[in-house]
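Below, each structure is written out as structure tokens.
Below, chain A partners chain B and then partners chain C, in two separate complexes.
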Partner chain A sequence: MNDVFSIERFLGVIPKLIPYIGISIKIVLYGLVVGSILGIIVAVLRIKRIPVINQILSVYISFMRGTSMLVQLMLIYYGLPVFLKSLFGIDINSWDKMLFVYMTFILNEGAFLGELFRAAIESVPVDQTEAGYSVGLTGPQTFIHIVLPQAVKTAIPGYGVDIIGMFHNTSIAFTLGVVDLVGRAKTLGTASGHELEAYAFVALIYIVISILLRLLFYVLDKKYSFGREGVKS
Partner chain B sequence: MIEVKNVRKSFGKNEVLKDVSLTVDKGDVVVILGPSGSGKTTLLRCMNFLEKADEGKLVIGEQEVDLHSASGKEKLQIRRKTAFVFQNYGLFQNKTAIQNITEGLITARKVPKTEAVKKAEEVLEWVGMSDKRDYYPAKLSGGQQQRIGIARAVALDPDVILFDEPTSALDPELVGEILDVIKNVAQRGITMVVVTHEMSFAQEVASKVVFMDGGVVVETGTPNQIFYHPKEERTKKFLERIIPQDQYYI
Partner chain C sequence: MGFEYDNFLDSLHYAVYYLPITAKLAFAALVIGIIIGLIVAIIRYYRIPVLSQLLSVLITVYQGIPTMVALLLYNLLFSFLIGGVVEGLGLNVEVRDVSNIVVGYIALSLFAITSISETFRGAILSIDKIQFEAGYSIGLTKLQTLYRIIIPQIIPTAIPGLINNMVGIIKGTSLVSAIGIMEVMNASIIPCSRTYSFVEGYVAAALVYWAFTLVLETIAKGIEKKTKGFRKQLG
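Up next, the complex of A and B:
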């Protein structure tokens, strides 16, 4: 039992794992980019409180936030093809499994980011909008030049946490047989009988990514401070 | 000339403005006085569509618009002829002092950037804030913020500037210097409507004083008429309470 961890094996798994980081990054990017667009749409629609649409969005958000991502992935992977086939006669069984993973991440992020953005936009005091109108800006100009930059400032910390969380979640793709970083670590471990090295490297990568993202968001946070320094202790 | 005609506004069951009319001539400094809740601020906000009146018309120059049903385009046209100075300064928190001033010029009025900056520097100098040019509002005191707020309004070169209790949020020491800035604006010949509780300012600067109470205009006149020869009982009572007796009987 003293052969639990060896540096040699650790170095050995690195080249085998590195190519799989790309899969995780790809999933996160889809979730982030398309999910953010969806999130902005959700946020704006929610703020406008349009009847019916607002109720539908409210159910969507409760569902996405109330169920685990694994359940959502399963429902989309097994449920969506049945749903589309019986209702519209569209056959999507032959679609790449990755598409279902992307879809799950996008829908999930759309709900989470939608609420994050909504709260951030609504946190900007109404006098900022009034001031924009008073100098002759139109509604959209006021939103883009005045409200949005201040909302971004509020949303940045939550956004950072969200992206890091997404990275950790990409491993659920393995349940569909899509091999990402964690999936590859598992197969390597099973094949060699030494699981610790592979997972240790996965942990290391997650830590590095988290630190990089935190640095990025620290810089963004400074950029959007608008002269506020916060409380110093 | 600016005319506000028959404005009515209710918040729920509370009728705040009951058929209020007001005429402001070019170069006029109209000061609106009255107790809290008399509808002064609401009237001012209705004039800039920050509040939607239930009824009423607004005439600025050649243009007449309905205060209740004005189209988005009409609102924009009126807002570009007016400027507003807020009680809580209303500076854009994400913009520096100079950007606060140039924003309305560049984005709304399509003034070329170099020209807008030049204009902004001019007004900043004029309110004595040149050295705070690149400061964000969060780094400025209330008095400094309100100077920028006034500079922003003046830079827009509007037909009228609406002041909504511009000194109410300031500490007593700063009130005087902001009032001096506003007096300066008046001396420039800019048409102004000022809602305030500063009686001495009204006496000194106003060309016309409007006394409002309970959502109606009780009395209108020159400062001299209103302060020394008020006709209405309600005006007398208000002034007695507000102006120290010795000052009142001078």
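Up next, the complex of A and C:
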């Protein structure tokens, strides 16, 4: 086993891999920020139940839930250029691969976070909205000051699980040839003929960051669990 | 470039032809996950010393590894170890003939065990302690209580979670394509390598996965409805 795994080589790959964590984090941030905005739009549109749009959105959500991220990534990477070219004559073949990765993550997160937000908003009792109206707040005011703060609290644990899942999914970006953690580990392995150390370190990075994220959301959930007992009538 | 309908049909044909392999991967992982996941959940519920702590650490750590990274890692270990295993067992096969689909089964099963055991643990925790005490009070042993009282009540509570786990496993099977196993994802692009246009192949693969997930979800929802009566709420 000695020539399969050596501590020196393991220590050697660490400085070469560390900088590439940034790429995964960048993907997660794009997915998170833009995906959350898309998610809020999806959630609000779904709650309003606008005819046609509601059906389109439920197909979109079902597709994003029913197929894996790898399929979606390939579909966007190979499909979008063909689609745009044949419909609008726009050539996007020269675009950076990372853009397709961001797009996939944003679209995927839009669906998942949309469902998460919808469930959270719907979990706030109607009395709360009525209470808002009764003190003279307008619709948007009631939503922003009364409903949203309560919905955010409900959504925190789901949000945490979602972010960790998204972070794990960044490991498939290498299939497009993007040089992220896994992609770099692969090239390092091919160059030296020893892949195991690089992969082991990648696994370790994912474990450490996942556990840290879990802890963070555990603390957040504890912190924002006030006022959940409900009012006794 | 454009969307060739004929190529799409070709790809769809290949994808459906290889669906049984994806289904086998998913079902094997699901069944192993349910059996071992239930055992793990029960061990952790009863807080059996050492074993329970060990399992909870292992599961927390393992949940931190993405399935893709796990697959690549196991595939590498497989290529190191397979020579020794073939030699050790005295098998009369060429090393390069041994399919690495075993790696797919192992990685997906481990993923299934970790996620399903958490679902079952949540379901057991939701059962009132009175149910256990009621079992003991009429003279049932620990195992009998589990088997006759607790597990039937776990099932309806766990099914929504299990459906999510199942969808996760089916999605996981597509990752297996990255280590070169021929399943829906890889099969659907076989016709594409002739034309170098991959859209048709991936559209076909997406449709097959989508349909497969929807059908299984519908079946699982049916089971959920049937098992609801196992857990009656007292007024």
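As a working rule, the second predicted complex is superposed on the first by the 224 of 233 C-alpha atoms of A that agree within 3 Å, B and C clash if a C-alpha of one lies under 4 Å from a C-alpha of the other, contacts with A are read in each partner's own complex, and residues count from 1 in each chain.
Methods note: a contact is a pair of C-beta atoms (placed from the backbone, for glycine too) under 8 Å apart; a residue touches a chain by one contact, two chains touch by 3 or more.
Only a predicted model underlies this, so the values are computations on that prediction, with no experimental measurement involved.
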Under the stated touch criterion, which partner chain does A:K48 make contact with: chain B (first), chain C (second), both, or neither?
neither
Tell me which partner touches more residues of chain A in the superposed arrangement, chain B or chain C.
C
Once chain A of both complexes is superposed, is A:S210 in touch with chain B (first), chain C (second), both, or neither?
second
Please indicate which partner A:L70 is in contact with in the superposed arrangement: first for chain B, second for chain C, both, or neither.
second
After superposition on the shared chain, which partner residues are touched by A:S134: those of chain B (first), chain C (second), both, or neither?
first
Give one of first, second, both or neither to describe whether A:Q150 is in contact with chain B, with chain C, with both, or with none.
first
Residues of chain A touching chain B in their complex?
127-128, 130-139, 141, 145-146, 149-150, 153, 224, 226-228
In the complex, chain A residues that touch chain C
4, 62-63, 65-72, 74-75, 78-79, 81-82, 85-86, 168-172, 175, 182, 186, 195-196, 199-200, 202-203, 206-211, 214
The answer for chain C against chain A in the complex is residues 1-3, 60-61, 63-70, 72-73, 76-77, 80, 167, 170-172, 174-175, 177-178, 185, 197-199, 202-203, 205-206, 209-210, 213-214, 217
Touching residues of chain B toward chain A in the complex: what are they?
48-50, 72, 76, 79-80, 82-84, 86, 88, 90-95, 103-104, 107-109, 135-139, 152, 156
